[in-house]
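Got some structures for you, see below.
In the two complexes below, chain A is the common chain; its partner is chain B in one and chain C in the other.
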Partner chain A sequence: MKTYNIAALLVGVPLLMAFSIPLFGFISKQLAKWITVLTLGFEFFFALYIFLWHIYPFNVIMGNWVPPFGENLYIGPFATVLIILVSFVGLMISIYNLWSANHGDVVHFALLFLMFVGGSIGLISTGDIFNIFIFMEITGISSYALAAYGPERRALGGAFKYLVVSSIGSTLYLFGVLLIYTQLGTLNIAEIAARISQTTSGLLTFAGILLVAGLAVEAELFPFNGWVPDTYTGAVNPVSATLSGIGSVGGVYVLFRILMTVFGKDGNFVSTYGNIDLMSLVAILGSATVVIGELSALAQKNVKKMLAYSSMAQMGLVAIGFSIGSKMGSYAGVFQLVNHSVAKAMMFLILGVIVSFGIGERIDDMKGLWYKSPFLTITFTIGSLSLLGLPLFGGFWSKFALVDASIQRGGWYDFVIAIVLFASVVEAFYYLRIVGYMFTSKPISTDKIKVSVSPAVPIVAFSILIIAIGVFPQIVGGISWNAAHELTDKMGGYVLNVIPTIVGH
Partner chain B sequence: MNSLLALLIIPVIGSAAAAILQRYRIVERLITFLTFSLTFLFLFGIKTGNLFTWHLDFLGKNLEMGLQITPLSIFMLYMTIAFGIVLTFYNLSEKSKMKGFLLLLTLAASNWIFMSADLISFFFAWELMGWSSILMIFGGRREAESRQGALYYAMMSIGGSYSMLIGIFLLSNLTGTFSIQSNVSYLVSILSVHPWWVLGILSLFFAAFMIKSGIFPFHTWVPYTYGEAPDGFVPYLSSVMSKYGVYGFLIFLPLTLGAHVPTVLGLAWPNYVLLWFGSITAVVGSVLAFMQDDVKKLFAYSSFSNLGFILAAIAIFTPIGLTAGLFHAFNHLLFNGAIFITVIAVISKVGTTRMSEMGGLWQKMPLTFLTFFVGIAAAAGIPPFAGFGSKWMIFQAMISHGLIFATILLFFSSIASFLYLMRAFHAIFLGQLSHRYDNVKEVSAIGKITESFLLGALIFFGILPGFILDPINSIVSSFGLKPLPTSGYEYINGFFSSINMVSIFIVVIIAFIFGFTLFAVVAKHKKVPQEDNYTAGQIPQDWNLTPEMYQFSYDFYEPMDKELAPFLKVKIDGFFKGFGESVEYIGGAVKEIFTGNVQIYTYLAIGGLVIFIIAGWVVW
Partner chain C sequence: MVDFLQNWVYLTGSMALIGIGLYIVLTNTNIFRIIVGLNIIDSGTNLFIVTIAWHPKSVMPIYTATNNLVVNGHVIAADPLPQSLVLTAIVIGLGTTALALAIAVKIYQKYGTLDVRKIKEEDR
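And then the complex of A and B:
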């Protein structure tokens, strides 16, 4: 067991800074915003350091109480790649917020944002299923408030729907945790994972269903994703970007940490203990989500709503990738998760810039954007092409890997992938339609859009990253492969790294 | 720098430069032209057998990616890049909204397709070519229509590439490698054992190729897209991009050479099926073409009709079939390029694509007229121009296999092509000049140079086909077939006989001089304005007649249209459109799940949970 306790700062610093932001806010509102940038910059570079110097996998032990007795953070390759992703997206959105968050309660907005990102990082790194619940509540509560931020009335409605559905989700999750605790008497993920086969199969199944249902809310899987369109559409654009770029990452992480590490039964393809195979259940949910998300997006006339539905559909893709249960499948899942977060966050930010210039968010309003701002048009196009999985952009490789993994698995996954590819054609239609509107139709007024520096920085950074991944897939590929290994080999990849002495049952 | 790599990198760099400078149209076009030329220079550095490999850390493996040069890739590269130079040179003076940086990306993708040695790079390049050309089509003359055309193309193209993607993985999961060569030889080795399985894989690939080349029944997107694409890009679409499908077919067609499969009339049955697809395409294209009034659409139909000829020829895959197919591919590139470049020159001058609004333009644009004339003569297969030889060889290849019905179809298509080419020729250039076009001028100097070059090429390769047949022979022998005998540059050697094109040229010239002399000496001309014709003393306005209705080609083939009307009710196009509409309709219905009512969402979540629990119970 390798320990690296200083990494507790990854969770501690953002939460500490979040609650001290009101103090900075007394000095200046600008300072409060800059504090988020600095904190998330620290997070990002620290995570990058962990990645580049290959410090992972390691544990953070609190108060020298070794797991399973104490609480621990476990940062393996999967957590590392997601923490880098979350802190990078968070950093970029906080830079964007320097420009965009300038009305209303800016200080509390900064506080909530930082709390949300910190909570997500905690969610990803913790090694304890009850702490997962706590971090879920931290991110949840901050995101309800974030979603309600802004002058528009629809934000309140969206936030309320999110609150209701998400509360149901976390309650179900808590029930699931409770059932496991009554069976095994421990909350430590590694120990539960090692002893999962000692539980009563029926209760375990019930607990699994509760956990999947609860976590599917955050992972945006149908039928638990009713909140997605309204909340994404209602929230101000940087918040939508945060929810889809960071929030969903946390949701997916927890879902598959529980399914693959805790419930997982190693084999050629990971399945779960209990009476039904929860992985197949998630695959069905994922396919339904992809189809429903893409078809609903097709019928939308509002670009932001379209992005919301597409976000849902993409999470379905991610879920399908992981649910295949093979190494290749998890690889595709991680890869797709990274690509989606980066591209979708960027697209919401671009939409934010467009809207701030008084252009509406309907498809028709996108007409002739090329003549007003080639920069925004090209970056939006890069984002959509990446989501469509077209080459030169990151999404190409993840979709490629996803199809490979499904066909390797064979059986009924052949149908799943056929559905997915059909849905992708639908997706191609509506994204290319927007892009088409942007490139054609000279608008009546061709007033140029001057994008100032602070929103331009994240947009440029995101598009460079998308192209970089598209040209050099190994940037994400290498660590995704390690993450896939961690997920599919639960004893070697996770449990023994946390509790070296434990014996799997 | 490695020449193979240069063929990919230079266009990408050029594309970046063009994208940055896209605001200055002339600079952008110049960069596009120069990049094409520079790429062409690097082409001289590559030879058959050149290889370049690198490793990609992807899918948890160290995958070997590669570029390789076969005689076929050299042929394709020379052909397409040279045509690109001509087109971009012409585009220097062209004003449509074509984006040079996308054209250069397409060039990089195109080079990559022809050079890739493994399926990953092939698919990468294929998709890159796909999206860059889709984006290019946005921005045609008519906004809404060009958007529709691009989306139609995009749907077909992406659908095709997904089918190819599934094929790639089904194949590579069995062989454990992505190398094209080893996968093809694997298919050969199991062909006699599992013929249906191989056919399944091949159809997944062939669907993509058929879509890209516009082969029946996937031809429906072609007229929409060619008709609405920016003028400067249409020649590239029809001359170059349709050849990717041909190249794809040629990767997999050698399959049936060595294996023992059931044959029909001496042809392996997959080839026989393909041959029929090709023949039907040729007929469908021709028949639909002569009902068009839109000149770009007319030549779009004509273009894929010729692709049908090419496919039918290469499907035979004997030395003469392959030679004929490749030769026709080259000729198609040349004459379709010449036709489309002259057509867009005319469109840019008269501002319409409807043929019934043109007419008599030969007086204003003589050089364009001449190039167009030679172009359609070549397309119709009239000696001595390029196009004659290849059609002649195609018929020979078909007859030598005793494929009577397919040959009849192709003959029919060839005759139908006379009909529509004649119509276009007359409607655009002959007849009376409308007063609207009194101020139309001949194309600019750049256009003149381009047109003269194409004119020269059409005649040159017509009378000296050996310059093309030589490289084709080396391709034929690279497939392990015995090339046709060669005897001098001016000869085309067929299955039954050979033709000396130079003597045919001389005969045609003499006949032309004789005919022209007769025309000049004997005929009496009288010029009358357009309205003076046909009316027999009536006042046209009383009968609601407009000048367009006097146009020679107005409702040109009306009787034929009536005869064919019952057949035209069967619309494949309608199938695709109806499918799209129903998907959209279902989308509208599915959307209603998300009503915006939080109670519904709660019920959904709880309902989902209950269903899960019941499911768990039942299994329990």
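And then the complex of A and C:
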């Protein structure tokens, strides 16, 4: 067991800075926004340092109480790649906010944003199943408030819907956690994972269903994702980018940490303890999410609502990838998560720039954007091509791995190949329709859009990253493979790294 | 921890509270009533957490000369951990309720109604 206690700063610094932002806000509003940029910059470079110097996997031990007794953070390869992703997307959105957040309560917006990112990083790194609930509520409460922010009143309805669904979800999660506690008397993920087979099978199944129901809200899986379109459409664009680029990452992480590490039964393909196989359940939910999300996105006339439904469908693909249960499948899931998060955050930011110049959100309003702003058109095209999975863009490699993993699994998963290809075709149809409108139609007015530096930096950075992943997939591929190893080999990959002396049952 | 099923009254009560809360949230169209329903679900969960930590013959979990925590090899002390967890859960429930009420006030200011259906119609 390796300890590296200084990494507690990854969770501590954003929460500390978040609550001191009102003090900086007294001096100037601009300073408050720059504090978010500096804090998330620190997070990003610290996470990059952990990755590049290969410090992971390690534990953070609180107060010298070793893991089964005290609380710990565990940062393995899976957590490392997601912390880099979350802090990178957060940093880019905070740079964008320097330009976009300039009316209303800017200081408290910065506070909530930093709290949201800090909570997500905590969610990803914690090694205690009850702390997951606390971090879920930190990200939850700050994201309800973020979703309600903005001049438009439709934001309030979306935020309230999100609040109701998500707080019921986290209550169900808490209930499931306590059911497991009654069986094992511990809240440490590693100890529960090692002793999960000692529980009563029926109670474990009930707890598992409650946990999946609670976590599927954040992970945007089918029956629990009714909040997605309203909330994403109502919120201001940087908030939509935050929710789809950061919020869903945390949700998926926790869902599959619970299913594969805690409930997982090792084998050729990971399945779960209990009366029913929760991995198959999630695979079914994920397939339903993809089909419903893609078909709903196809029917939309509003670009923002289309992106919301598309984001739902992409999360379905991620869930399918993990639920295959093989190493290749988890690799596809992590890779797809990275691609989705980067591309979708970028497209919401581009839409924010377009809307701020008085162009509407409907598909017809996108006509002739090429003549107004080649920069926005090209970056939007890059994002679309990555999401629909064209070679030389990031999304290709993850969909390729997804199909590969489904073929290896065989059986029922042959059906998944059809779903992935169907999703690509439908995505190609509705994204390329917009891209076609942008390039071909002549606009009525050809007023040039002049994009200032602060929104341009994140958009350029995201598009460079997408193409870089497309050309050199090993940037993300290597660590995704390690993450897949951590997920599929539960004892060697997770439990023994946290509690070296424990014996699996 | 092991024999928490002895408290079947409280267990049934907590399940019933969660059921009632879900029913209120699902069937009411008034935002204020939905918030009340959320609160009832929270109370049900909190009651469940306290219940699993306690049973009728349990003693306080503090070791003194007269307070025997273990009798005939069975731990009879109440489990202190869920009781500390329930405090956290109560505080989080309070925060969520406060934010929900703040959003409800904002909705009433902007729409002039708390009825979910009317709000949906006005958004069209």
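What we mean here is this: the second predicted complex is superposed on the first by the 505 of 505 C-alpha atoms of A that agree within 3 Å, B and C clash if a C-alpha of one lies under 4 Å from a C-alpha of the other, contacts with A are read in each partner's own complex, and residues count from 1 in each chain.
Criterion: a contact is a pair of C-beta atoms (placed from the backbone, for glycine too) under 8 Å apart; a residue touches a chain by one contact, two chains touch by 3 or more.
What you see is a predicted model, and the numbers here were worked out from it, not measured in a lab.
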Clash-or-fit label for the pair chain B, chain C on chain A: fit
Contacts of A:L156 with chain B and chain C, given as first, second, both or neither: second
Most chain A residues touched (candidates chain B, chain C): B
Partner chain(s) touched by A:L9 [first = chain B, second = chain C, both, neither]: neither
Which superposed partner A:T440 touches (first chain B, second chain C, both, neither): first
Chain B versus chain C as contact partner of A:L174, first or second or both or neither: second
Partner chain(s) touched by A:A148 [first = chain B, second = chain C, both, neither]: second
First, second, both or neither for A:T182, with chain B first and chain C second: second
Partner chain(s) touched by A:V164 [first = chain B, second = chain C, both, neither]: both
Partner chain(s) touched by A:I55 [first = chain B, second = chain C, both, neither]: neither
Cα-centre angle that chain B and chain C span when viewed from chain A, reported as a multiple of 10 degrees: 140
Overlay on chain A, chain C to chain B nearest C-alpha distance, Å: 5
Residues of chain A contacting chain B in one complex and chain C in the other: 157, 160, 164, 168
Residues of chain A defined as touching chain B within the complex: 157, 160-161, 164-165, 168-169, 172, 201-202, 205-206, 209-210, 212-213, 216-217, 222-224, 226-230, 274-276, 281, 291-292, 294-300, 327-328, 331, 374, 378, 381, 385, 388, 390-392, 396-397, 400-401, 403-404, 407-408, 417-418, 421, 424-426, 428-429, 432-433, 435-437, 439-441, 473-474, 477-478, 481, 484
For the chain B and chain A complex, residues of the former touching the latter: 19, 22, 56-60, 120, 123-125, 127-128, 130-131, 134-135, 138-139, 143, 146-147, 150-151, 154-155, 158-159, 162, 165-166, 169-170, 172-173, 583-584, 586-588, 590-591, 593-594, 596, 598, 600-602, 604-609, 612-613, 615-616, 619-620
Residues on chain A engaged by chain C in the complex (per definition of touch): 130, 133-134, 137, 140-141, 144-145, 148, 153-154, 156-157, 159-160, 163-164, 167-168, 171, 174-175, 178, 181-182, 185, 187
Residues of chain C defined as touching chain A within the complex: 1, 4, 18, 22, 25, 31, 34, 38, 41-42, 45, 48-49, 52, 79, 81-82, 85, 88-89, 92, 95-96, 99-100, 103-104, 106-107, 110-111, 119-120, 123
